[in-house]
Every structure is written in C-alpha cells, then in structure tokens.
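The structures come next, written out as structure tokens.
In the two complexes that follow, subunit A is the common piece, with subunit B as its partner first and subunit C second.
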Partner chain A sequence: MSGLWEVLTEHLPEFSSGFFVTFRLVAISFVIAMVVGTLVAAMRVAPVRWLNVVGGVYVEFFRNIPLLVLLIIAFAGLRRAGVPINGWVAGIGSLGLYTASYIAEALRSGVFAVGRGQIDAALSLGLSYPRTLRRIVLPQAFRTVIPALASLIIAMIKNSAIVGASIVALPDLLKESRQVQAETFQTNEVFFWAAVGYLVLTLTATLAFRYFESRFQIRR
Partner chain B sequence: MQDGHLVQLDSVRKSFGDNLVLDDIDLSIDRGAAIVVAGPSGSGKSTMLRCINGLESIESGTIRFDGRPVKSSGREIYGIRAQIGMVFQQFNLFPHMTVLQNITLAPLEVGDAGREPSERRARDLLERVGIPEKAGDYPADLSGGQQQRVAIARALAVEPKLMLFDEPTSALDPEMIREVLDVMRDLAREGMTMIVVTHEMGFAREVCDRIVFIDEGQIVEQGTPDEFFNHTQSERAKEFVDKIIHH
Partner chain C sequence: MTYLFDPANWEWVWTGNNLRFLAEGFAVNLEIALIGIFFSLIFGLLLALLRISRLRLISVSAGIWVDVWRNLPLIFIILYLALAVPTSWRQAYSDVVPDFFPEALQNELVLGALLALVLYNSAVLCEIMRSGILSLDRGQREAAASLGLSYTQQMRFVVLPQGLRRMVPATVSQLITLNKDTTLVSIIAIQEVVRHGSSLTSAGGFFGGVQAPILQVFVMIGVFFVIVNFALSRLSRRLEIRERKRTGTTLKRVEGLEDQVAAETDLAGPPR
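Now for the complex of A and B:
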C-alpha cells in the first residue's frame, strides 16, 4: 500500500494522459457546442419559418435524449449501419451536439432579452436581418448569458466522464483512473486525484467565464 | 430621380389585428421640407414613420421614397433604409459598442467606405452635434441628451436623404431637450428633409414648414405653423393645440 501522494506519482503517466484526453475532449466539444449552439439559436430566432422548425427539432432531439443513449447511437448504432466512426468522433460529436442544444436555448433567451428597439435601430440603418443578428443581437445575447453558459460548460466537463464510462471508452481521466484503481485497489486515493483533475478543468472554466463576464459586461 | 416628392404616401392603411391604426393616409413631402407630425398618443404617428422606412408592412395603398416603392420585405428595402435615418424616443444606441463604433457601424457594414474615412466622418459628425470628446465612450457613460445626439450622428453617418424623428426629446430631462432640438434645427436649416413626431410646439412653430395633425389614424388637418396654430380648422386639432399649449 502506498499513500495518496505515491499513487499520483507512481501512476502519473496514466493520470496525465487521461487528463489530457479529457482536456482535448472538452476543448473540442466546447468549440463545436458554441458554434452549433449559436447557429441553432440563430435559426430559432430567424424570421424564416422553416429555419425555426429545423432549429426547434434539433433542440428537442438532442436535449431530450440521455447523453449515454446518444453515445451508443453515435458509436455502436452508426457502426452497425456501416458508418466507420471512431471513439473520438462519436464522443466529441455526442458531447458537443448535446451541449449545443442547451447553449442554443440559453442564447435564445438572451436574444429575447435584447430589446426590439435594438433591432429597429440596426434595421433602420440598412443592415440586413442576418447582419443585425450577427453584429447587434447575438453579441448582446452572448454577454447576457455568460453566467448561464458557464454553468452549461461546467456541466459539459462533468458529462465528459460519461464518454469514458460508455462503450465509446475513450481513455479519458475517468477511464484511466478506473484502470489505476483496478491495478492498485486504492479506490479513495485514485478517485481523489480524478476529482482533482476534473476540478482543475471546471474551476479554470469558472474563472475564465468570470473574467469574460467582467470584461464584456454591458452597462445600460 | 430629382423631380417629384421625396416621400409620397397614397391611401395607406395598416392595422394590428382588428385595430385600424392608419386609415387611408395621403401625404407627400418635398425635398428639403421639415414636417412636424403631431397628434394624441396612440393615434398612429410612430406606425406611420415605421411604415415609411419599411419597419412595418402596410396593408394597402402605396409608399414611395425617391420614386421607389417601399416594401417591408425583399432585398430592395435595405437599400432604401440606408437612405433614411431614424431617431428613436429611447435612443436605441448599441450598448456593447463605443460611440465611434455606433456611428461607423452602418458605413462599414452597409456602405463600401473604408475604416479610415468612416471614422473621420464619424468624428466630424460628433463635432457637428457638439460632443467630439465622447468618441471612445460607451453609451452608458453619456447623458440622455448626449446619447440622443450620438443617435442623430449615427443616423447621419449613412448620408441619408430623409431623417425620421420619433419623439426624440420625450425621454429627456427638460434641461437636455434644448441641445437636441438645436441639432435638429441646424439640420433643417441645412436643407435636410425631415419628418419629426414631437410635442415640442415651439420647435414646430419656429422650424418646420408644415404641421400634420393625426388623430385615430387619419390626417385630420395640415398646414403651415401659422395656419395650424392661428387658424385651426378642426375641433380635434383645436382641442389638441389648447391642451398642449396651455399645459
């Protein structure tokens, strides 16, 4: 039996490789979630009926299916259907698209918080509707929903563990920790360090969002 | 197209649900004219302005701007709106942009002007509205009167042929009304065509060429300030003038 500290130092390669897999997983999923979430939010508020419908279907699909089920569909389902999908694509795709549905909803509420007068002003200057959305509405919506986005991104980081636990089985922080646990049987020590790893990511995200909030805050 | 009126409304009707808001409006505005639109609250003044630049659609009738029909949908409308400046009661400055960014937004996004000339022009406009030192500030740092002057500069940045003002001083503290009206008076003197919805009858008397009185979606009466104030025709306009002058 070795102590808490020894567990970490002796298994540092596993822990750090798991940590960086999780880091990559959440970083890329974050980018996908923000981009897709923004596009879907834009579709939902566009003055075009069929875009609203497509955006709505997207949100209801991805928001109402458990992430674990999405992962199984993305990985096993698509493979069985003959689509050669690997664990990274399935994991990032599922986590990113799932989170995007929540981000789209948060942004949509932010869009409604932008006054009608802002849109009138932009349109009256000759800006087209898409430009008005891009330059006036979405930038303000983002700023209003930064706190909500922070919660969603923290949830996404924690949800990333499901990717390692699922059949996708990416060698992420959770998967690697279980591996170490199986070798050492030091459950408490191992998962203490796993928790620390996740905390590093979530707290970094929290601080980053707090910075954005103060940096981009709109005073009215 | 230099002949004809700059703005022409023919039999314009508009309702919201079963609320008839504009009821058969005919109105024509010459180039260089300054028109004041007056009337009780809810009579359709804002709606009329918003129809002229296509922010609202009309049900029947036609609106022409510079000879071109105004339709609230379709690509045409963007080009028309870029030639019509609008100033709102609530200023509606973009709070996430500096004063300078507010003013250069349209020239950069809509026109093909470069950044350098757009910024130079924005600074000239700020000079003209009397607040050259505020270029780098955010709207929240300005007083109401200053915000409204920035809004005027923003609307002028696209070099419009027509300016629409929708109660530009109604949200201002009394001591700031003057500074905004002064800017508008200068504009009118320089020959800008403008339609101004306002209750500032002093401004109307002194600056405008014609007063249009609207009630319940209809133009009840129109005439020069002298005709309107001293030889009021209709009962409704008389009542309105009495109320607003002896208040």
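Now for the complex of A and C:
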C-alpha cells in the first residue's frame, strides 16, 4: 500500500490537531454531561413531584431530538436570537446536554439498584434526603453504572464527529481529514487514518473504564 | 425567551405551505429510516448468526467486521461512502430504484447514505441480538437437540423466538437512534427535513413572504422528532410489559449499548 504512510507523515499536523480538538471536545463535554446528568438523575428520584416532572421532560426532550438539530438550534438559532455564542460553546453545550440525558437515565437505574433498605436505614438515622443521596446512594449508584457510562462515552466520541460535520464546523478529526482528502484526493488512505484515530479514542476509553470497573468493584 | 415565544416569529407556521413543506421533508426521513430498519434487521440477524457460528473462522471474522463498523462514527461512514461508492453502483441504484419512491430518494447519493446506515446499524443490532441469544439458558438448546431437532430447527423454533423477544426494548431504542440519525444524511445534500428547514429560513419565507427564523424552524423540527420517538418508546414499553406478564421472561442488559437503560428502569419502579 504505497502512499498510506506518506499521507500520514505529510499531513501529520492536520491529523494531530484534529485529533486533539476531538479529544478536548469529548473531555469537556463529558464533564458537563456528568454534572448535569447527576443533577437531573437526582431530580428524577427526588421525593418532590414537580422535580420528577422537570427531570422527566428534560430527559425525554434531549434523548429524542437529533443531535444535529440540537446543534443547529444552539448555534445558528441562538445567534439569530441575539445570543453571542461561539462554536466551542455551542458544540460542547449541545454534546454535553444531549449525553447528560442518557447519563441521567443510567444513574437513575443505578439508584434503583441500591437496596431500598439502605435508603430507609440512612433516613432513619436522621440523614436528610440530599445527604442520603450524596453519601449513601450516589457512590454505590456510580459504581454499578460504570459499564453503562463506558458505552455512553464511546457513543459520545462517535457523536462528537457530528459537531465537526454540522454548521458548527469545529476543526475536529473528521473535519481536518476531509480537508486533507480535498487536497490530496486519496480518499481511502485519509479515511483509514481518521478511522484509526477514532478507534484509538474508543479503545482507550474502553480499556480505561474496564480498569475503573475492576478498581471500584463492589464486592458483595 | 421572549424572542422564542414572540407570536410574530411563529407566523410562518400558519402562512402558505411552510408547515407542509417541513412535514414533507420529515416524511423523507421516516422513509429512509424505514428502509434502513428493514435491511439493518435482516443483516443484523445474519451477522448475529455468523457471530455465534461454531466455525471459529466465521465467528472471528464476523466479530472483527462488527466491531469495526460499530466503533466508527456514523457520520464518518456516511461521508466516506459518499466519496467512495463507485459511480457504477450509483448508476445501478438509480436504475433499480422504483418510480413510486419520493423524489428525494431517487437521488443517487442516497445509496451511500443507506449503505452507511445499514452497515452501522446492522453491526449494532447484531450485538443486541447476539447477547439475547447468548443469554438463553444452555439447557434450551440441549433439550431441543436431544429431541432430534437439527441446528436450523433449533434456531428457528427454540433459540431465536426466545432470544430475540428479550431484546425487543434494546432493539426499539436502537431503531429510535436510527430515526434520529437520518438527519445526518442532510450533510451529503439529500433533501430531507433539515435541508427543508434551512431552505425555509434562507429563502426569507418564500412561501407567503413571512420571515421564518432559524431558531423557531428547528425547534419545530425537534418537536417532530420528539413526538415520533417518544410515541415509539412508549409503545415498545407497553408491548414489553404485556409480553413480560404473559411469558414471564426477564430483560437482558447488553454491554456497549447506551440507549436501553431507560426501558429497564421504568419497570423497576421508583425507590419508594
């Protein structure tokens, strides 16, 4: 396969800058998704009716809307409405809030997996509901949903490519690769290296989460 | 907020054929989704059967195939195939596509988009179906074999009906994801709802002369998707609860799938 290595070595700056843009996009969005997802999950299991409803509406809205449509609303739509939003904020915000809805659902199932008896015990010891959630329920819930979180971050790495391909047009791995393809016309070679980049990211995430899973396993 | 709910910014909905224009675009999405679902389910089942084959050569190569397509971004596959599908294939597609198909699907670029959707989703569905089949107790297969059923008969009458039934919720949530992913074909210039929305906004309301602001147009498109997908997920949950009551089977969680957690939690009931 002549030309395969040349494409990589000649266009290494483009590929590596794209790779790191994708990496940064995923890393920041994941933090946002975890924070918002935890809050929404807490709302959905709270003993307050209207909080459950708000959490439920959030989840159903962000889970059922296509990410591409969300990106157009967040970028072009809000700009048109006079909100000065840039590509990074729109991309990270959309990807983060979109994934947060899935994380909220995963955490909610983790909360249900924690025995009812534990919650009763904590409450009867005089802990308040938020405190029970923070000290007793969530630490266990996070551990049980580590495999689900792993597949969510992999889905997020894959979804991050939509940010570069949409009107937000962040110069991520896919965007940079298309640029290189437009210059060299070596479609197969360029897309091969882009695929390698994405597989490296997803594989690393898989291995990292497998490690976390064994590290934080609850031994019963 | 005042901008979002200002009635003047929603006037485009009621003027001319704007709403109908959007709905026509959305219909194209649903058609692409239906074609994609049909072929993904068939190829997904085929791949799953190859994946559990007793011949290691077949199962390993099917496994590599599935793992590669499953771990690549769908938009990446779409963009690649838009460039890489040979012209002769495209010609062949435009020759065989039936005339009653809508105009947007007559476009020869649709071939790449459909191929990409099927490649990606059949790989994901293969994993779902495989774990459903593997979750079945060994005894079922052994009992069937001891009754003298051939391999094909064991699969057809014992393993698949039970294994696939367990995976209905996971399959439906993957199909909802597929439905959302049909918007991605707008990036290779297929005239579906996102493209229709963009032309509404950029034409400055050419139907009826009213401004169609991009925020409101795409909120409307989002609402279309939320309604259809929400209805789908509710329907599958209904069916599933009924099915579970009838057969007493349990759900199986698949590793590597993000969408199905919701279906499980709602059955577990709230913690109090």
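Throughout what follows, the second predicted complex is superposed on the first by the 218 of 220 C-alpha atoms of A that agree within 3 Å, B and C clash if a C-alpha of one lies under 4 Å from a C-alpha of the other, contacts with A are read in each partner's own complex, and residues count from 1 in each chain.
By definition in this document, a residue touches a chain if its C-beta (ideal position, glycine included) is under 8 Å from a C-beta of that chain, and two chains touch if they have at least 3 such contacts.
What you see is a predicted model, and the numbers here were worked out from it, not measured in a lab.
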> Which of the two partners, first being subunit B and second being subunit C, lies in contact with A:Y211: first, second, both, or neither?
Replying inline: neither
>> For A:L68 in the superposed arrangement: first (subunit B), second (subunit C), both or neither?
In response: second
>> Contact-wise, after the overlay, does A:W5 reach subunit B, subunit C, both or neither (first, second, both, neither)?
In response: neither
>> After the superposition on A, what does A:Y198 contact: first (subunit B), second (subunit C), both or neither?
In response: second
> Does the superposition put A:R135 against subunit B (first), subunit C (second), both, or neither?
Replying inline: first
> subunit A residues in contact: does subunit B have more, or subunit C?
Replying inline: C
> After lining up the shared chain so the two structures overlap, which partner does A:A155 touch, if you call subunit B first and subunit C second: first, second, both or neither?
Replying inline: second
>> If we count contacts the way the header does, which residues on subunit A are in touch with subunit B in the complex?
In response: 115, 117-118, 120-128, 131, 135-136, 139-140, 143, 216, 218-220
>> For the complex, give me every residue of subunit B touching subunit A.
In response: 50, 53, 55, 78-79, 81-86, 88, 90, 92-96, 105-106, 109-110, 138, 140-141, 151, 154-155, 158, 164
> Which residues of subunit A touch subunit C in their complex?
Replying inline: 45, 47, 59-61, 63-70, 72-73, 76-78, 80-82, 102, 105-106, 108-109, 111-112, 114, 116, 119, 147-148, 151-152, 154-155, 157-162, 165-166, 174, 178, 181, 187-188, 191, 194-195, 198-199, 202-203
> In their complex, what parts of subunit C are in touch with subunit A?
Replying inline: 3-4, 68, 71-76, 79-80, 83-84, 176, 180-184, 186-187, 194, 197, 213-216, 218-219, 221-222, 225-226, 229-230, 233, 255-259, 261-262, 264-265, 268-272
